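Two complexes come next, and they have one chain in common, subunit A, joined by subunit B in the first and subunit C in the second.
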Partner chain A sequence: MSDWVEACGADDIDEEDVMRFDHDGRTFAIYRSPDDEYFATDGLCTHEKVHLADGLVMDDIIECPKHNGRFNYKTGAARGAPVCVNLRTYPVKLDAGKILIQIG
Partner chain B sequence: MEATISAMPSRRDYSLLGRDAKRAVETGLAAAEWYHTDVPRKQMKELMQRSDGPAIRDTIIWLGALVLSGAGGAWFWGAWWCVPFFFVYGVLYGSSTDSRWHECGHGTAFRTQWMNDVVYQIACFMIMRNPVTWRWSHTRHHTDTIIVGRDPEIAVMRPPDLLRVVLNFFGIVDAWHAMTDMVRNAAGIISPAEKTFIPEPEQPKAIRIARIWTAIYAATIALALYSGSFLPLMLVGLPRLYGAWHHVMTGLLQHGGLAENVIDHRLNSRTVHMNPISRFIYWNMNYHVEHHMFPMVPYHALPRLHELIKHDLPAPTPSILAGYREMVPAFLRQLRNEDYFLKRELPPTAKPYRDEFHNDNDAVAAAAE
Partner chain C sequence: MMAKGMLIIGAGECGGQAALALRDLGYDGPVTLVGDEPHLPYERPPLSKDAMTSDAPAIKAIASDEILAERSIRHIHSVQAMAIDRATHGVRLSDGSVLPYSKLLLATGSVPRRLPMPGIGPRCVYLRTFNDALAIRAHLRARNRIAIVGGGFIGLELAAAARGLGATVTVIEAQQRILMRGVPAEIAKIIHETHQAEGVKILCGDAIAAIADDGAQVRIALAGGQDIVADLAVIGIGAVPVTGLAAEAGLTIDNGIAVDAELRTSDPDIFAAGDCCSFPLAVYGGRRVRLEAWRNAQEQGALAAKNMLGAGEAHAAVPWFWSDQYGLTLQISGLSDEGSKVVRRDLDDGAFILFHLAEDGRLVAASGIGPGNSVARDIRLAEMLIAKRAKPAPEALGSQTIKLKSLLAA
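Our next item is the complex of A and B:
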């Protein structure tokens, strides 16, 4: 059974930025793209378990703050060394100004 | 300040497959959580912002000066007038490429990724660092900075091999290893140590690059033999020797003489104030504590980052000369006592990270002798 979980307010994240969200012992990264869409992925880099929320969002890329590994946060695809393993992504929806993610 | 850890083993094993490598994993020194100065997210975002402008400007100056000095050296070849041209060409070829390789490897120099990739490949060739191998070794260097047995980029191991250090001012040891590694990789062999940090899918890329480079050097040597002149080698290959001195001079200051096996870049890295020419050649890597603490910040924003966090860092070393005045005596002392190191003094405004490095107690003696 998949649940929708309220992560934060839509305005809590700046445009082209990322925010950390912890829930039930897990950590996620919530993104707001430059064209004002929201996305969610696992919160830790698949390379060395660093929090991506401390990284840099550029267009549809999140860059890890430790080794500059890159992912497409919309698809989770690994886009540049040293990351080789894709990020898991999660469905996101907006509801009354709140961001909800579906945690499988 | 100076200190020694009495509990450390008397001999170190820097091998990536050795005793200290295993111990670093067991004790949690490997892939540890490192200290970071608190910087508000809004300010850090501003500092991390990428831009093509500064690096395009610097690359035009760099490549323009490289072509002009190389052309001047070739034009005056056989006369003493070629010396100043090759002096400049050598530094641009054998030293500036160290920082270009580094910054473009991080992907921070340019905002546009293909620009980082192009300059990275050019710089790697000139500095003789396989772009695949060194991308992964540098990743490890950032994960485990100056952790014995884990960091493959420790320039001066203890006790220091000072002959090797001196020879490397002329690129001799590094170039020899680069060439033998290139030939080995070109033969399809990845060493056991390389296998510890290069993922298997990446290893064929290292071999392919080594084969291309071997072909380029073979063609250059063939041209030199055919023309009966050293000139082709003065332009390709040898500048890595006669122009290496600047990147070795600045590179040794990054961590030389400082603590090993600490997970706080303030204690194992050195920020040094430098003249503008050296900073251009070095692309601001003199702000080395700042770079290690926040590798996402591009080289052109490091001076701003330094101003923002300097309250939490040791006082910067005021000059290259001052750096050598503290580092060389430390190297000499490590010949007698390899546990000796320079302890960085944190300002009163700084947050201590590990108390044993900020208070005199059982773990830290006041001096090596």
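Our next item is the complex of A and C:
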């Protein structure tokens, strides 16, 4: 598998924050956790297709900016109303200060 | 005792979420959800937005038939609840059947406030249900001149949708400005100007003197002398809680079905939640309020479910709502009338947030407006600060370079 794509620089995202990444007609959200790990999910909320990168990261939760649907961004698990469909997650690796995601 | 099960009257956002929450919480007795509409429980916010503009409007169901079946939630639709017999713990329905309950939740919602004037006819309509939305949508596509009575959220969102469909739109508001209730003037002004730039005519501070609806068009005569002629008048002048069932059962009514912090009515086996109830808002010292908001309906539905199962948990949420008009989103958390001082924080792209502070410096509300979801994150952080009863430094709130999240940790 060689479908690793460079998303951004590691320093482009603050700790406990999220950034939008668009690639090839798709949109993703890249997260930096409070313990300085990186994660990636689909970019749109499963409730109403809103960009999650405008939302708030608290610990390991991303909250949708529109209706406060919550997901664990590390696992993609939906965490209660109004969202019930999980988010897809993607493998992430750090390479020479760059964040790469495997978007397969 | 538990065999009678949990009965929920009202199958909207609140009732639907309560039914799902009962199962999420592990309750395995009977759960029955009764609604007077023919649809699955659905979300109402799209009715004044996407349902108008979409080519193929459909309900946004809270739970599909499959999910209701899988979770053993019995949904009885198209029936009215007629009477509660508190002594025997039963509710009589319009089809003659009687459903027993061990705990009952009233999630009866609200209905549009009627304009008490003679002359109202078939071209004067209200919006509450999906079927109402379909009827209005058909008119918006076929007719040209739309009058909106009431410059509140429903009316303004409909005005935006109607403009999107090319209609000529006039909004009539009796107050001196639009969005008098709950929205600061500085933000209402942005919304007003946006509507004007989009070609909506807004008339404020003028009362309706007479309405004549001949079934083909509506003539609205204003006290100031203007006559508005429209093919359709949508009346959006607020909502009233549905309390008849509760009142006839002898439950306490106080601007809605009165409940305590645990959403319990004056009968310990009957709860009420969502638009239909008034409740003490802990964050403002127990001030009794009634909210007409999607998130409140959702949260109170879930909380009522918990407490029907005996959790004894008090409501602690901060009010929050939003409105989308054109490309703008407004979000407000808290009740701005609790504040006496305002601090403004400017964000990118013309977006800004007004922080409302009480006399003692406590943050009590935040109102934001901007393109897309530009204010969402800061409004959410403000909500957390409000819940914490924080007293953030006004200079920090006003400074673009100080992250709100850093104030939360303080």
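In this section, the second predicted complex is superposed on the first by the 102 of 104 C-alpha atoms of A that agree within 3 Å, B and C clash if a C-alpha of one lies under 4 Å from a C-alpha of the other, contacts with A are read in each partner's own complex, and residues count from 1 in each chain.
Convention: a contact is a pair of C-beta atoms (placed from the backbone, for glycine too) under 8 Å apart; a residue touches a chain by one contact, two chains touch by 3 or more.
Just so you know, these numbers come straight off a predicted model, no measurement behind them.
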Which of subunit B and subunit C A:81 touches, first, second, both or neither: both
Partner chain in contact with A:56 - subunit B first, subunit C second, else both or neither: both
Touched partner set for A:70, first subunit B, second subunit C, both or neither: first
Residues on subunit A lying within both footprints (that of subunit B and that of subunit C): 54-56, 63, 65-68, 80-82
Complex contact set, residues of subunit C against subunit A: 17, 20-21, 24, 43, 62, 294-295, 298, 302, 320, 322, 372-374, 376-377, 380-381, 405
Contact set on subunit B toward subunit A in their complex: 31, 44-45, 48-50, 106-108, 111, 113, 135-136, 139, 142-143, 199, 201-202, 294-296
Footprint of subunit B on subunit A - complex, ascending: 14, 17, 48, 54-56, 58, 63, 65-68, 70, 80-82, 84
Parts of subunit A lying in touch with subunit C, wherever the complex brings them together: 16, 50-51, 54-56, 63, 65-68, 80-82
